[in-house]
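Shared chain: chain A. Partners: chain B in the first complex, chain C in the second.
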Partner chain A sequence: MRPRSAFRPALALTAPLVLFLAFAYALPFLGVALWSVTLPEPGVGQYERLVSDPLVLSVFLRTFRICFLVTLIAVACAYAVTYVWVRGTRLQRRLIEICIFVPFWISLLTRAFGWLALLSNRGIVNSWLQALGLIDAPLALVRNEPSVIAGMVHVLIPFAVLPLASAMRTVDERVLLAARGMGASRLRIFWSVFFPMTLPGVIGATLIVFVFSLGFFVTPAILGGGRSIMVAELVYLRMFQSPDWGLGAAISVALVVLVAALMGLLARFARLGLMGSGR
Partner chain B sequence: MNDAFQKDCLDILAAKAARGEIDRRRFTQLAALIFGGAPLLLRTPEALAQVRQLVLVNWGGDALKAYDKAYGQPFEKATGIVVKEDGTGPTEGAIAAQFKSGKPTWDIVDADPFSAIALGKQGMIEPIDYSVVDKAKMRPGFDWEYAASTYFFSYVLAYDAEKYGANPPKTMADFFDVAKFPGKRTMYKWGAGMWEAALLADGVAPDKLYPLDLKRAHAKIAALKPDVAAYWGGGAESQQLMLSGDASMGLIWSTRASLIEKDSGGQIKFTWNQGLLSPGALAVIKNNPGGKENAMKFIASTSVPERQLVMFEMLGQGPANPATDALIPADQRRYNPVDPANMKGQAVLDMPWYADNYGAALDEFTKVISA
Partner chain C sequence: MRLQRPGPVAVVLALLVGVFLLLPLLAVVPISFTPGRLLTLPKGSLSLTHYRTLFENPDWLTSILLSARIALFTSVIATGLATSFALGIWMLQPRFSQLLVGFVLLPMIVPPVVSAMTLYFLLTGMSQVSHAIGFDSVIGVTLAHVVMTVPFAVVMVLVALAQVDRRIDLAARGMGAGVVQRIVHVILPNIGFGVATAALLVFVLSWEEIGVTLFITSVDAITLPRLMWMGLRDNVDPAVAAISVVLIVVTTLILLARMALQRRPDFEEE
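Let's look at the complex of A and B:
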């Protein structure tokens, strides 16, 4: 339990941020939420459409499918990368740092176009494969769902690394030594000792990556070839291309509620993670 | 659909500047002029009321420069009214938001005619005052109650000339015929023009297109899906798809097709045959701060052929005033979507139909291509 006196300065320090968020985010969002039950006429008709419109349903399903796969791949890759980052040699650690932080500084748009340059018909991969005589005609590597997943994983791995690293750093080396002393194999030590101890980090990383992936707009729009439309783009479609603010607002509300629920879950696990670290 | 198109014009302009086709010094001068206008924002409302000005909202970036050079500066010289370009992007949703706020800060919008018509019916757009704006300086049929045409572009068939060699595709039927013309295609993601293309390919006569038989069009579009490399959402993307070889045939904007044809050294060509002509227009938001009269005067001023010529030169837009056609140098006429020679065989998108049906049609289209 924290001493009560510490609470007030903390409140004073965070109040500007809370106020800013209230005015710049919560208030306008309430307006949007209001549209969802008033446009084009008052009622819950837009929410009924949300669960009955085949386009909306198929886009939500695709979004979940893609986000699920992206999360799985990104967290698995990030786990390996983080393991080397935290426990590798000095040189390995430096290399991994470059691989993690350089993408952070490069815009999403640039990276999506990078994938295009790499994977399109006259792109680097196809021209090399053709030059080597391995293929006759270029392979369709880009502007499909797999390339959307690759592009999203690329963006999201660094976001998974940070919570994983903090979990791995709290693992007490002596516990691993003890396991080794008891005669456990390396694999056994990993699966029975190390991995369970980093599980809160895995859960945190999973939720962060999943929540971020739900809102992706640019990467699927560029790499999806117009076929892999995800929820964020559907909202854009509803707001601008076929003005239908009511349904656009209802989709936004559904997305925000979902994300808030996941964030709530994240907060719970983050607290568990903190307790796990022995504080 | 147009919002993406207009934004694209800016990209084209940027590309031209990068290649040195547009005088860089002129660019700097214009930029200085635009920045010079910035202090206006800082003045008090009282001071502002004395500055006569109009805010023209287009799609940002380099369109600011094109509109300023073609229309803004000559108008200011003639009337003393400052025209400020704002690149926010007047989507139908954004215009509605401006009006509904009760205190719009925009005067004139470079909007889709069908958006203006739809919003006009809801009382958000001023009817065009045709006693000020001269209908005689517009192509007949492109003078709507709530929007006045200022330019044209077209959805045209572009193809890889190397791949198809002596037997290039010539019609929309060829575009949809993958047996006779194998190779990946690209189409517009937001539907406009694509329905018409599918129906023409299916044998509908150009003058019998409207009201569009969407069911028939979507069946045709769905059948082509396996052979579509991607559905493009912006001009740069369409250009990239054609140049990278991802698509060997595409239905793309004429402004981009012209650029690709010039840039690819003849590898990519396009035909005007069965092109789908689409108008762009200006509209005035109701209760606009700069006053309805001044806004109408500005729209009237855009019909001057020399000014529209600047828009053709800088952005590749076809002029709204037929008198401009003759000013275009003979070697450039191939790229004018409304040149009489190019107009032959093209069909025109029906804006009133789009005003009533675009939203629902786009929904269906999106369902078909993303299912």
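Let's look at the complex of A and C:
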């Protein structure tokens, strides 16, 4: 055995990516952090705006409200599909796999467009409702907050499925059988036994979905139609429409701090492999 | 064997969610055959006008080719870097390797808009050196895509490596194989499928990347998603419906092929 001999080659294999990301990602982020305290003038003025500028505040509040609702709905929906995916018959599992993984691999833009095709003024829902004579004029179903929420839930459900699935798979079947043997009803078994046992997965899924929803840009921008602007779109607008790089940078730094705090929570609560999200 | 199958309520709920997930994909199909210039359902006659646009309009063709080229470069570079890194971690496996893995996964966890801003900073800086490698250049976009996709490749390769029996490697080492021989003849053949999946994943992710691309391109490097974005943002161009259908069909075919090739995951046997 030459246990030491592998050390240097292993280091040489690891180094390229670490160095690449250090130069192409970590260093530039420090540059962005620097922008946040130097543009347009040195000082913490941009951070003061984060907590005092009514526009910025309202965008942050809207983002939190939307992300909170999206997380709630996405995790609940994901719980239902995962439950059947993990415990269902072979056919049920296959069908659910298709429903989850086909949309998962399809681009955000295509999916946002799908929602437009469904909900826009001349879209499918409005056409059908009009053809059926239920409505005279098309309903405004898109370019509003509910359509943003629908689009985001659609994207985020698969991300919640994976942590939920790993939690549900570890539930010991015999415990459920025991509960049934003691005469518990189906509902009782679910609420008092199964659900509490999968709670770590629920917490993990909730945090992951919330973190991912915070940085969402494309879906809200297209489905919101510029009306219900979220934080990421605000950064984009501040970068390219009204050059205000300092504010964009400050928001970026704030988001990173927030996400780091949430990930810290995740690490404490659930020791599940976030990495297993393997899209 | 599952003794407790899900009840009817659970099945119905799951079914509803399944429909919700598939609906927007299916909705694109009829819209793409409309003869009109607007986003509408076809009334009476179907038309392939918007599919023809994809082949005849040079904008679409150029951006499709550009995206394919960038995705190919990104796939090769990111998979190479990720495989090398994962092999190193696998052979190293001391305490601090976890820290390194955490570091390289950052671009996956940090909100995309922050990564976009970071890469904007990097590329505008590089533009000062040369326009060919910075903002709004093919090399710049490729560089950014490598950063954004490499964590996914790392995860894939690490998962594949976790399934390799270390005793095979120990045996090879015991028989005097050097590091290079062990990697080429023992380890790589065992993770071939994982590496191929990583390459495919990176290709798809780069091909459809928009969040970061929007920040780092303007007029020269118009990738396909960027062109779709422009067709969606202002007034909706039905050519986007045609390209969407093509993308959905191709993606589904690739997924099905991958499912067929893959050995069934272990939980299937439970």
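Here is the rule we go by: the second predicted complex is superposed on the first by the 250 of 279 C-alpha atoms of A that agree within 3 Å, B and C clash if a C-alpha of one lies under 4 Å from a C-alpha of the other, contacts with A are read in each partner's own complex, and residues count from 1 in each chain.
Basically, a contact is a pair of C-beta atoms (placed from the backbone, for glycine too) under 8 Å apart; a residue touches a chain by one contact, two chains touch by 3 or more.
Bear in mind the structure is a predicted one, so any value in this text is a computation, not a measurement.
In the overlay built on the shared chain, the residue A:P54 is in contact with chain B alone; chain C does not reach it.
Looking at the shared chain after the overlay, A:P138 reaches chain B, while chain C stays out of its contact range.
Greater residue coverage of chain A by touch, when chain B is weighed against chain C, goes to C. By the touch criterion defined above, A:S242 reaches chain B but does not reach chain C. In the superposed pair of complexes, A:A232 makes contact with chain C only, with no contact to chain B.
Using the contact criterion defined above for the overlaid structures, shared-chain residue A:S120 touches chain B and also reaches chain C.
By the document's definition of touching, of the two partners only chain C reaches A:V256; chain B does not. Shared-chain residue A:V175: touches no atom of chain B or chain C.
Across the superposed pair, chain B and chain C both touch chain A at residues 116, 120, 122-123, 221-222, 239. By the touch criterion given at the top, residues 54-55, 58-59, 62, 116, 120-123, 138, 140, 142-143, 221-222, 225-229, 237, 239-245 of chain A touch chain B in their complex.
Those residues of chain A that touch chain C in the complex are listed here as 1-2, 5-7, 9-18, 20-21, 24-29, 31-32, 35, 77-78, 80-81, 83-85, 87-89, 92, 95-96, 99-103, 105-118, 120, 122-124, 127, 154, 157, 169, 173, 176-177, 180, 186, 189, 211, 214-218, 221-222, 231-232, 235-236, 239, 248-249, 252, 255-256, 259, 263, 274-279. Only residues 2-7, 10-11, 13-14, 16-25, 27-28, 30-31, 38-41, 81-82, 84-85, 87-89, 91-92, 97, 100-101, 103-107, 109-122, 125, 143, 146-147, 150, 152, 154-156, 158-159, 173-174, 179, 201, 204-205, 207-208, 210-211, 214-215, 225, 228-229, 232-233, 236, 240-241, 244, 247-248, 251-252, 254-255, 267 of chain C touch chain A when the two sit together in their complex.
If you check the complex, the residues on chain B that touch chain A are 1, 3, 91-94, 96, 118, 184, 189-190, 228-233, 237, 240, 244-246, 358-360, 362-363, 366-367, 369-371.
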